[in-house]
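Okay, so chain A shows up in both of these, paired with chain B first and chain C after.
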Partner chain A sequence: MYKVGIPRSLAYFVYLPLWKTFITELGHEVVESPPTSRDILDRGVKEAVNDACIPIKLYHGHAAHLAGQCDLLFCPRLVSVRKHGDFGSETFCPKFLGLPDMVRLGLKDLPPLLDTRIDLKPFGSGNWEVARDIGQRLGNSMARCRRALRLGMAAQRSFRSLCQQGMLADAALEAVFNGVEPTRQTGTKQDITIAVVGYPYAIYDPYINAGLIKILQQQGVKIVTQDMLSERELNRQNRKLPKTLFWYFSNRAVYGGLHFMSEGQADGLIHVTAFACGPDSMVDRLLEIEAKRHGTPYLPIAVDEHTGEAGVRTRVEAFLDMLRYQRRRR
Partner chain B sequence: MKISFPRMGYSYIALKWLVENLGHECIVPPEPSNHTLDLGVRYAPEFACIPFKILLGTYIEVARMGAEAVVTSGGMGPCRAGYYWVMHKYLLEEMGLPLKIIAMEMPLLNLGDFWGKIDYLRRGGGVSLKELLRVLKVTWAKVKAIDDIEIRAHQVRPREVRRGDTTRAINTGLDYIDAAQGEEEIRQARQEAMDLLVGVERDDERQPLKIGIIGEIYVVLEPAANHYIQLLLGEMGVETDRSIYLSSYTRKNTIINLEGDLFAIARPYLNEAPIGGHGVNSIAETILYARHGFDGVVQLAPFSCIPEIVAKSIIPAVSRDFDIPVQTVFIDEQTGRAGVQTRLEAFVDLLQWRRERRHKQGKKVFSI
Partner chain C sequence: MIKAYLGVDVGSVSTNLVVLNEQGELLAAKYLRTNGRPIQTVQEGIQKLGSEIASQIKIVGCGTTGSARYLSSMIVGADIVKNEITAHAIAACHEFENVHTIIEIGGQDSKIIILRDGVVTDFAMNTVCAAGTGSFLDQQASRLCIPIEDFGGYAAKSTNPVRIAGRCAVFAESDMIHKQQLGYNLEDIVAGLCEALVRNYMNNVGKGKEILAPVIFQGGVAANFGLVQAFNKYLGFDVVVPRHHAVMGAIGAAYLAREAVGMKGRSSFKGFDLEKIDFKTTSFECKGCSNACEVVQFFENKNLVARWGDRCGKWELQVS
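What follows is the complex of A and B.
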């Protein structure tokens, strides 16, 4: 039995149900890094290459934190999860492609990496290839792998369906693993709906975005995110772009934004972007221009290691004031 | 139609000929200047990389000079460069500039689209198919001749006796190529240009340091974007070899040529290829330059360039294992020429010191 560490960053927020269930069902123990803290962030900033974006630095911090607590570090190389895009070549940001090597060569005293390559684009049964590879490395039988994969996929499906019922991903994760009664978003009074789009690791990590989600909820806002939409609803937006983007998470954010703008479900759009994020330099301006054309109020929030709660709160409050003022005038 | 294109090094000489001989009017893009960059920075997203900003600035400039269309490249990612044209289109629309962008996507992925755009340009200029093929062939000959001349110039410059002789010779040589009209004329022009470079008075006693230049294609190819780094180094008495030339893919005589091999060389360090742009190449090229006995490597990249950041985080390990110093220069709109020069001078000093130390140690070994 191995102790397998999973850093709480990047794809963690959308694939944890599958990963954790799969590894646990194989009979191993999963160790998650704690929620992001000042300590972890500082560690990441220190260890990672200085030009990297905040999420990558954060990942280094989480990985470094897990060193010594686990026998293996689960750091899959995410290459693609579907065949999509103009050339069918949708992939992840180059930093995801090089992540295991960056971590391996950048951090000292790390346990061996479980750096399985996840490339689901070419085969039909891609999930199984990945599961078999992990199972072999962990020394499990094929039958056990097959069963674990089935259970993992089931957990992932229930997570997805909870999200699509309007739950935020962090609440849905809680519900999947701890069996907490699925609670809908409740607040005092929800008079305004805001679409929050961006990368899962920027939206659902309350430390790095200075508690943006909580601030919005306190202000009586109903939050919708791209993860609450079905694949079909998202992919329909593809046609509106001259060319699809190359990155999975960026495509989801852009499609989500376009969906909420064109369906008129949201009163405003907030894009959470990470400082020095490469793909986001394109995504952010694209959404800004599209929001202008759709007449949807738009607020970009860029987060970095210095983001303070007060700064985010001020901007959000001003944005909401503007929306409510507009509504009263109408 | 009045057509323009992005400027990248000296390739504009060949592209100008191409556009004119397809029966269009060519608006030659001006060399990127501070003004170009200012325009680009004003309208581009803050974290876009520097090639995006320079290109946007260039497009605005050529649009004001009367260009109706620009022909540019596409791409399939995951480097941002493949999405440039879409964002440029959005931004130009927002500015209200009526500039049409014709983006050439990779022919392997969508041959119909690629051919359609070529054919559109051909019919617009009223050129026959046969003529089109001839024109493309001659253009390619020009690209190759230009690269040949440049490669030679970088070898000659560190040995020149009077500073600036090589630069004058290469400029005259490029004018010859510019004036040449057919393949035979290009061959002659190339020969004359080479003769000029060979004629530069040299001091062959010198043993210049050798530095390999790697990194992202645009900042490597466009001297105005990299603060004339090869000229700077050449005049410091350093011989430089550049990893990327437009005609690299068809060459056998340069150190860096075959892409497939590069991926295999980089595999122990980066077990995934391609990762977009020239990220994997940079790692492999560092190894190759080390194996070929170069004294050091300079990595050029635009600020926030994703593949090069991945490369940069891995290169320290390569540098350690192969004992070759690497200086990374990230370029953005704030980068000043003096800053680049200072860093290069310090780097060259370091390399010089390493060489002398090795020399001394070598002697000691023999004296024992």
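What follows is the complex of A and C.
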């Protein structure tokens, strides 16, 4: 039995149910790093290469935190999960492709990495090749892998379905693993719906986005994100663009924004973007142009390691005031 | 006794207070330097206002805005706390009909607000970079030994502004030094700096915004004629600088207070005798988790009335 560490960053917020369940069902123990703290961020900023984006630095911090607590670090090379895009060539952002190498070279005293290549483009949506590779490395039988994968996929499906019922991904993860009553977004009366799009690791990590989601909820906002939409709803947006982007998460963010704007389901659109993110220089501009075309109020929130709550709060309050004044006028 | 409304705008560089009457006319205004001591500055400002006009008026509503809006709301007893974007927009809309664009440049931030039919439709603020804001101008003026008040005068005398890189304050400064060592005269360098700041503002804050006249230019920096001139030149038409440009945020807060009290009934304003109350803040580092939040405690006459600064909400205490 191995202890397998999973850093709480990047793909964590999207694929945890699948891989955590899979590894647990193979009879191993999963150790997750704690939610991002100043400590973890500082450590990541110190260890990672200087020109990496904040999420990648953060990942280094989480990985460093797990060193010494696990026998293996789960750090797959995420290449692609589907055949999509103009040439069927959609991948993850280049930093995901090089992540295991970056982590291995950047951090000392790390346990060996479970750096299985996840490249599903040629296989449709099957995760079997990946599961078999991980299972082999962990010394499990094929039969056990098959069963564990089945359970992992089931966990992933229930996670996706909770998200699609309107739960935020972090709450849905809670619900899947800790059996917490699936609380939908409630609380104070919600008079405004805002679509928050961007990368899952920017939206669902409250430390890095300076509490954006909490601030919105305190102000009586109902939040919808791209992760609450089904693949079909998202992919339908594809034909509205002259050309798709190259990157998986970027396409999801843009499709999500387009969906909420064209369906008129959101009063405003917020794009959470991480400082020094290359793909976001395209995503942000695309969303800005589309928001103008749709007449949807648009607020980009750029976060970096120095982002204070005050700056985010001022912008969000002003944005909500604007929406409420506009509504009152109508 | 005239019914009046108090607006307080505590920013990084200046603290502004205004008193408006029911009709929105300005009865008194104070423009003070915050000097890193927001609590004392607000107390001092209220005190000064009080000695001028307390005998003739009764404050029936009070609003605060600016980056220290929550802190100052607790000092004065505000009826409404609003972000500075909304406050500036409200003020401009009351002063001018049919405003389409507001350019606001303050001590450490700059913003653009786009309005159509009296409603804000878009806005942007500068990001972490403070190039092109009041603080940078202050710093350059003192380096050149020009009183900041005369800065605009120098720019106005220029006949041939030199080109200065305005992308970043650090580069702008080294570029200015370079030009000055080559022998360009001061007037042209100052005017060049103003134009560089306007270019920077338009490329960052104003990027992608539809800037239509009338454009209102407000904030402390609007006092600088050099920048007004540079904006006029860049836009190809004249920007409008309101009479009370430096205190527009506070005016907006006062208008918002009038609205808020209308719904709420009565004001929480503590009165002009604030100097008798002892306000104090202390802070400590929470040891609860590795976030090590710095929690601020706010005391009024030795009573703890509020606490903030923690990310998890464990210490949060808001007595209003």
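Just so we're on the same page, the second predicted complex is superposed on the first by the 327 of 330 C-alpha atoms of A that agree within 3 Å, B and C clash if a C-alpha of one lies under 4 Å from a C-alpha of the other, contacts with A are read in each partner's own complex, and residues count from 1 in each chain.
The rule is simple: a contact is a pair of C-beta atoms (placed from the backbone, for glycine too) under 8 Å apart; a residue touches a chain by one contact, two chains touch by 3 or more.
Fair warning: this is a prediction, and the values are worked out from it, not measured in the lab.
Asks: For A:A48, is the partner it touches chain B (first), chain C (second), both, or none of the two (neither)?
Replies: Touch status of A:A48: first partner only.
Asks: Examine A:G220 and indicate which partner it touches, taking first as chain B and second as chain C; both and neither are also allowed.
Replies: Neither partner.
Asks: Compare chain B and chain C by how many residues of chain A each one touches, and report the one with more.
Replies: Touching more of chain A: B.
Asks: Quick one: classify A:P94 as touching chain B (first), chain C (second), both or neither.
Replies: After superposition on chain A, A:P94 lies in contact with chain B alone.
Asks: With the two complexes superposed on chain A, say which partner A:P279 touches: chain B (first), chain C (second), both, or neither.
Replies: Once the two structures are laid over each other on A, A:P279 reaches chain B alone.
Asks: Answer with first, second, both or neither: which of chain B and chain C does A:Y207 touch in the superposed model?
Replies: Second partner only.
Asks: Quick one: is A:V79 in contact with chain B, with chain C, with both, or with neither? Answer first, second, both or neither.
Replies: After superposition on chain A, A:V79 lies in contact with chain B alone.
Asks: Quick one: is A:R117 in contact with chain B, with chain C, with both, or with neither? Answer first, second, both or neither.
Replies: The first partner, chain B, only.
Asks: For a test of understanding, state which residues of chain A touch chain C in their complex under the given definition.
Replies: Touching chain C from chain A are residues 34, 37-40, 206-207, 211, 288, 297-298, 302, 304, 306, 309-311, 313-315, 317-319, 321-322, 325-326, 329.
Asks: Which residues of chain C touch chain A in the complex?
Replies: 67, 82-86, 117-123, 125, 127-128, 208, 289-292, 311
Asks: Please name which positions on chain A make contact with chain B in the complex.
Replies: So the residues of chain A in touch with chain B come to 48-49, 51-52, 77, 79, 86-87, 89, 91-95, 97-98, 100-102, 105-106, 115, 117, 241-243, 245-247, 276-282, 284-286, 289.
Asks: Which of the residues in chain B come into contact with chain A in the complex?
Replies: 45-49, 52, 74, 76-80, 82-83, 85-87, 89-91, 94, 106, 109-110, 269-272, 275-277, 279, 303-307, 309-310, 312-314, 316-317, 330
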